[in-house]
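Next come two complexes built around chain A: one with chain B, the other with chain C.
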Partner chain A sequence: MMLMVQDLRVTFLLDGKTGLRAVDGVSFDLAPGTSLGIVGETGAGKTTIARALLGLHPSGCVQGSIRLDGRELVGLSEEAWRAIRWRRIALVPQSVGTALDPVYRVGDQIAEPLRYHLGLSPAEAWGRSLELARRVGLEPRHLRAYPHQLSGGEKQRALLAMALSCAPDVLVLDEPTSGQDMLSRARLLDLLDALRREGGMGLLVISHDLAAVARLTERVAVLYAGQLVEVGPTAEVFQDPRHPYTWGLLHAYSDMSAARDLRGIRGAPPDPANPPPGCRFHPRCTQAIDRCRREEPPLRDIGGRWIACHLGGLQTLLRAEGLRKTFSVDGGEPEERVEAVREATLDIREGEVVALVGETGSGKTTLGQMLVGLLPPDGGRVVLEGRELTAARGKERRAMMSRIQLIPQDPFDAVSPRLTVAEMVREPLDIQGIGTPEEREAKVRQALRTVGLPASPDFLARRAHELSGGQLQRVVLARALVLEPKLIVADEPVSMLDPSEQARVINLLKEIQTERGLALLLISHDLALVRKIADRILVMHRGQIVEEGPGNRIVTRPEHEHTRMLLEAAPRLG
Partner chain B sequence: MRRLGGEVWFGLILLALCSAVAVLAPVLAPYDPRAFSGQPLERPSRAHPLGTNDVGQDILSELIYGARVSLTVALAAGAGTVLLGLLVGGMAGYAGGWLDQALMRLVDGMLSLPRLPLLILFATFLGSGLPQTIAVISFLFWPTTARVVRAQVQSVRQRGYVRMARQFGASHLYVFLRHILPAIGPLIAYGLVTSAGQAVAMEAGLAFLGLGDPLVQSWGLMMRFALNLPGLFLTDRWLWWLLPPALCITLLILALALIGIGLERNLNPRLARRWR
Partner chain C sequence: MGVGRRAFVYLLTFWVILTLNFLLPRLLPGDPLAALLDPSSSDYVYDPEVRAALAAYYGLDRPLPEQYGRYLLGALTGDLGRSIRLNRPVAELVVGRLPWTLLLVGTALLFSSALALLTGTESAWRRGSWADRGLVSASILLANVPVYFVGMMLLLLFGARLRWLPLAGGRTPFARYPSALAAALDIGRHLILPALTLTLAMLGAKFLLVRNATVNILGEDFMLVARAKGLPEGRLKWGHALRNALLPFVAHLAAHAGMAVTGAVFIETLFSYPGMGRLIFESVTARDYPVIQGAFLVVSAVVLTANFLADLISLRLDPRLREGGAVG
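Up next, the complex of A and B:
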């Protein structure tokens, strides 16, 4: 093992007293000829790690252990570090603009470490510089230029040539692609990939550019607020993220292959000077439990993936196994039975937007009603947060029902014509017996504001027939939200509305979903609509789920014939 | 609210009048109806506007107090009928399945029984007190209400907002009381009025047949005593002894029927239009 980092902690002193721990207990290793990516949001501590590996922090800031071929680097003198920088560990820094000295020619700057570290003569050093320049795709004229005469991409290459000059064992790339246009970025990635394939060197890529990391690394470590939350093979982690943060990060990443709109992770990263207790991700996590608020989760091996989560990673919120429902015409013969749902099995994970798509009569609504417990299935079971919904009775059922809510297709049917808006929205709270009457009123008003409705006394006193379809659907949404559910099943929630109102309600639903961190099962016949917001799409045909996959895959490369038919039938303008 | 037709107003006024008479009976009646306030079989006079009966009791006073009996029976038996009908019809309609089947077969059975003979049979066995009369009428008339209630509950139960309440974790009792009952409220009012009318007729019939409480002077009993007098129709005595109670019964039943018609008319377009 070439580079071993263990329990690395970097603390900066603010105003001389308070410590700001930018990196807190990070461990990883890097063997020769392998590559590791470190990804995370801005401020997660990525660059701090890079600088620690080069001994660039003031002594005393860095604790823990960094070993290079068994030799401890933490606590080395500046003298000793100088022998390691460039020769053993080299860095391509993030800010290319300031990394080069504006008063020296680029070629001289590349030659400098060769002369200084390897003791080459000026002529030999210049010769090697030319060779290095060619290797990174620069021409001799670039070497004679001053930094300000080079473009950003050329400067980046010059810095890369400098880093490669002493043939280091470990090359650290800090945001190698930032600030570059897509074409120079692609060329740089090709170059780096070629360098990686030459082998021998350990490559550490620190970036928020997930595509670059996917291209350049074999393994990836996800950094959040100075701690690693997930480590595993890059392809696997990106394909099947297991930590809620990794999942959110990947979904926030804009990717040419995704059809849906961008989604953010709710909330903001914590203030590094004052991180939250327990798991640092818990305020933004949709599945946080009490323990997450108290205890810091260790990074542990869960089925071949290293994950720092008390719950072992992203949880399955709702699981349906082999659901069946047959409707018989009253007194009819067995052959008159309609098999609405046949053996439907599906999973919905925390915070996920899943779309259930199919034509009319495919059993979507029946399946949705079984999932929320409105319709007892003939066979199979529904498991909500590890408890069987289909078997729950009495108090247990009541408690489970507050976790999962349905938004039906027809808002006019979904509210009582006798109740006022206030009574409608308050009803779930009344049933669940939550809070005092005043608290309920407050919750009702808040829910109405969330869905963009007025909470005025006049509006609260209105009845269903005094509202428009869009308003009523928002009231139904507000009613579903007052219980703060974990999962909302929305059955064609906008099909009765006009197109502009459809867009508004869908965007609202999506916004609330992200903000509240709830999971959403969107039942619809409209692939064009759901692909905008769905992370995953399930296609239903004749009572069975015939295809399942990431939204973009279903839309771009459908496998089942029925999916293709649905796609072809989707509306197109022009 | 909704517009009420003229005949409904007429019915309401009649009913209100009858109720006022019943409530104010002690003030309005010139005599205690049980007191022998005159000679037997007096003709109408200033002292006895409708004369006296065969034992010398004031007929007008009897008539006025009789309103109390009829209204009591109407209200109690009407309520009893509706309550039983609501219970059975509501359960059958809400629960569905085998319970529905069982209860509805019971209702069919009850409806196929001849009512009057059964009424006589029960009245004979249970004795002839007013409470027994009320119980017997309620028992015989609930199946009709149960049927109508069941049909309506079945349809309301399928409404989205009723099913959604279950989704919020509501108990069946909550759903029934909060959503189903208000939805079938107009139907209950209609049921109450029509069964009340039937109850008045039944009570009068029972009393007339001598199966009522002989001590409770209802209009039916008055008619019975009048008709018991040999040769009633030989004189014009029936005009003030038999006709007034018969007229009172008719008017009360008419009043209830008119109100019922009005309610039904209000009920049907709503079922068709607003309840979809």
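Up next, the complex of A and C:
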């Protein structure tokens, strides 16, 4: 093993007393000829790690162990570090615009380490830097220029040539693509990829540019608030993220293939001077349990993937296996029975938005009703948070059902026209017998505020027929929210509304879903609408789920004939 | 901006100064003669006829453009008028005094700059240490103590009490030197105290400037990269940090060239040093206006020249100032 980082901790003193732990117990290793990516949000500690690898932090800030070919680097003197820097571990810094000394020619700056580390004469060093320049695609005139005369892309290349000058064993690239326009970024990635293929060097790519990391690295480590939360092969991690943070990060990343609107991770990264107790991600995590608030989860190997999560990663919230439902036509012969749902199997994970798409009569509403427990299936089972809903009875069943709320297609189906708004929203609480009357009132008001409705006495006293379609749909949504469910199943929630109100309600649904961290199953015939918010799309046809995949894949590369038909039928303007 | 353009701008500035020098006495109440001759001095001419003759002698009866033409011609050929007090050409006085001031200011500039650059960089390198904090406090104190106070103390200690160095003058009066070396030694001995005073007077501000500029530069990304490159400390400190701190330092030198002359007025007076500063002081006391004007012109020319030189040095030091650049 060439570079081994064990339990690296970097602490900065803020005002002489308070310590800021920018990196807290990070471990990874890097073998010759391999590449590792470290991804994470701004402020996660990525650059701090890069600088620690070159010993650039003030002495005493860095604890833990950094070993290069077995030799401990932490605690080395400045003099000893000097021999390691650039010669063994080199850096392409993040700040391309200001990383070169403005008063020296670019070529001299590339040649500088050659002169001091390898003892080359000025002429030899210049000759070598010409070779290096060619290797990164620069011309001799670029070497004779001063930094301010180069473009950002050229400076980035010059910095790369500089980093390569002493043929280091480890090359650290700190945000290599930041600040580059798309074309120079593409050229730079080609160049770096070619370098990587030449082999020999260990490559550490530190970036929030997930696409760059995907292109350049074999393994990836996900950093959150100074700690690694997931480590694994890059392709696998990006294809199938297992830690809730990784999942959120990937969904926040915009790439050309995503048809869905961007979504952030709810909340904000913690203040590094004052991190939350327990798992640092728990305030933003949709599946956090009590233990997450108390105990820090260790990074452990779960089925070949290293994950720091008490629950072992992203949880499956609801699982349906082989659900069947057959309706017999009244008084008809057995041949006239309708198989509404045939062997439907699906998963909904924590905090995920899944769309179930199909034409009218495809069985999607029937499937939705079986999932929420309104309709008993003829076969198969529904498992909610690890417990079988279809087998539960009595009080347990009632409690489980309150975790899933259905928003029906027609809001008048959900509420009695005799009830006032206050009663409509409060009804589930009354049925479940939750809280005192005052607490219920408070919950009703809060739910109404969440869906953007007034909680005035006048409004609370209105009845269903006094509300607009959009208002009634929001009341139904508020009614679903008072029980604080984990999953909302919304069956054509906006089909009765005009387009502008549709957009508002869909965005509201998405917003509440993100903020509350709930999962959402959106049942709809409208592929154009659901692809805007769905992480995954299931396509249903004649009682069967015929295709399933990430939203962008379904929309851009549909595999099933029926999906293609749905796509073609989707509305287009112009 | 190219060198040629810069030179042109400086020539233009000098012409404006020349013109102001011509216009100001003529804009004052009364005539230039009243400005030339103080009514309270014994030289004041009461007889109107003599005054008219004098006006004719000085060409003041000619039209203004002609006066201006003669004035410019005179200034450019070295005719700065005559001293009323000493009745000698101003140019001759200036030529006799200027080298002494150049020697004094030049020496002080050289030593204060070298010291400021060395200590300022080292201090910035060890920022926050007790040595750095001590130096910063000392230089703030030094920058705020009046020049003449420092000079007086040095004079009392080394001149009066220890008697190591001469009390006044630029050289020993009536001395005959057997060799050039002996002359240089004598002039050098007389130079030490005034030059030391002026050096100290300039050192505080210069040190703070270099130190603060270097502290800023040490925080620059390219310094971190230079460190990451594993360069030796000397190369980082002098080759990168100081090299970049030179840019604001030279700009400061240019801006403060005039201040050096002001400082010299006090010091030359204190040490009875035969330079321009003392000439100005003596002329102001005696209201010898032609000398004041002439000295003002020459000092302006010297300051402008110093500025121009500083500009040229900046151009050499900072590639970003150069037009077009060296790509090709």
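Definition applied: the second predicted complex is superposed on the first by the 573 of 574 C-alpha atoms of A that agree within 3 Å, B and C clash if a C-alpha of one lies under 4 Å from a C-alpha of the other, contacts with A are read in each partner's own complex, and residues count from 1 in each chain.
Everything that follows uses one rule, which is that a residue touches a chain if its C-beta (ideal position, glycine included) is under 8 Å from a C-beta of that chain, and two chains touch if they have at least 3 such contacts.
Please read all numbers here as calculations on a predicted model, not as lab measurements.
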{"item": "Superposition on chain A - do chain B and chain C clash or fit", "value": "fit"}
{"item": "First, second, both or neither for A:Leu173, with chain B first and chain C second", "value": "neither"}
{"item": "Chain B versus chain C as contact partner of A:Leu228, first or second or both or neither", "value": "neither"}
{"item": "Which of chain B and chain C A:Ile512 touches, first, second, both or neither", "value": "neither"}
{"item": "Which of chain B and chain C A:His117 touches, first, second, both or neither", "value": "second"}
{"item": "When both partners are placed on the shared chain, which of chain B and chain C touches more of chain A", "value": "C"}
{"item": "Touching partner for A:Ala83 - first (chain B), second (chain C), both, neither", "value": "second"}
{"item": "Angle at chain A between chain B and chain C, C-alpha centres, nearest 10 degrees", "value": "130"}
{"item": "Touching partner for A:Leu91 - first (chain B), second (chain C), both, neither", "value": "second"}
{"item": "Touching partner for A:Val103 - first (chain B), second (chain C), both, neither", "value": "second"}
{"item": "Chain B versus chain C as contact partner of A:Pro408, first or second or both or neither", "value": "first"}
{"item": "Chain C versus chain B - closest C-alpha approach in the superposed model, Å", "value": "60"}
{"item": "Contact residues common to both interfaces of chain A (with chain B and with chain C)", "value": "none"}
{"item": "Parts of chain A lying in touch with chain B, wherever the complex brings them together", "value": "372-374, 397-402, 405-406, 408, 410, 413-418, 427-428, 431-432, 465, 483"}
{"item": "Contacting residues of chain C [partner chain A, same complex]", "value": "220-222, 224-233, 235, 240, 243-244, 247, 317-320, 325-328"}
{"item": "Contact footprint of chain C on chain A as seen in their complex", "value": "51, 54, 56, 78, 81-87, 90-91, 93, 95, 98-103, 105, 112-113, 116-117, 141, 144-146, 148-149, 159, 162"}
{"item": "Chain B to chain A touching residues, read off their complex", "value": "159-171, 174, 179, 182-183, 274-275"}
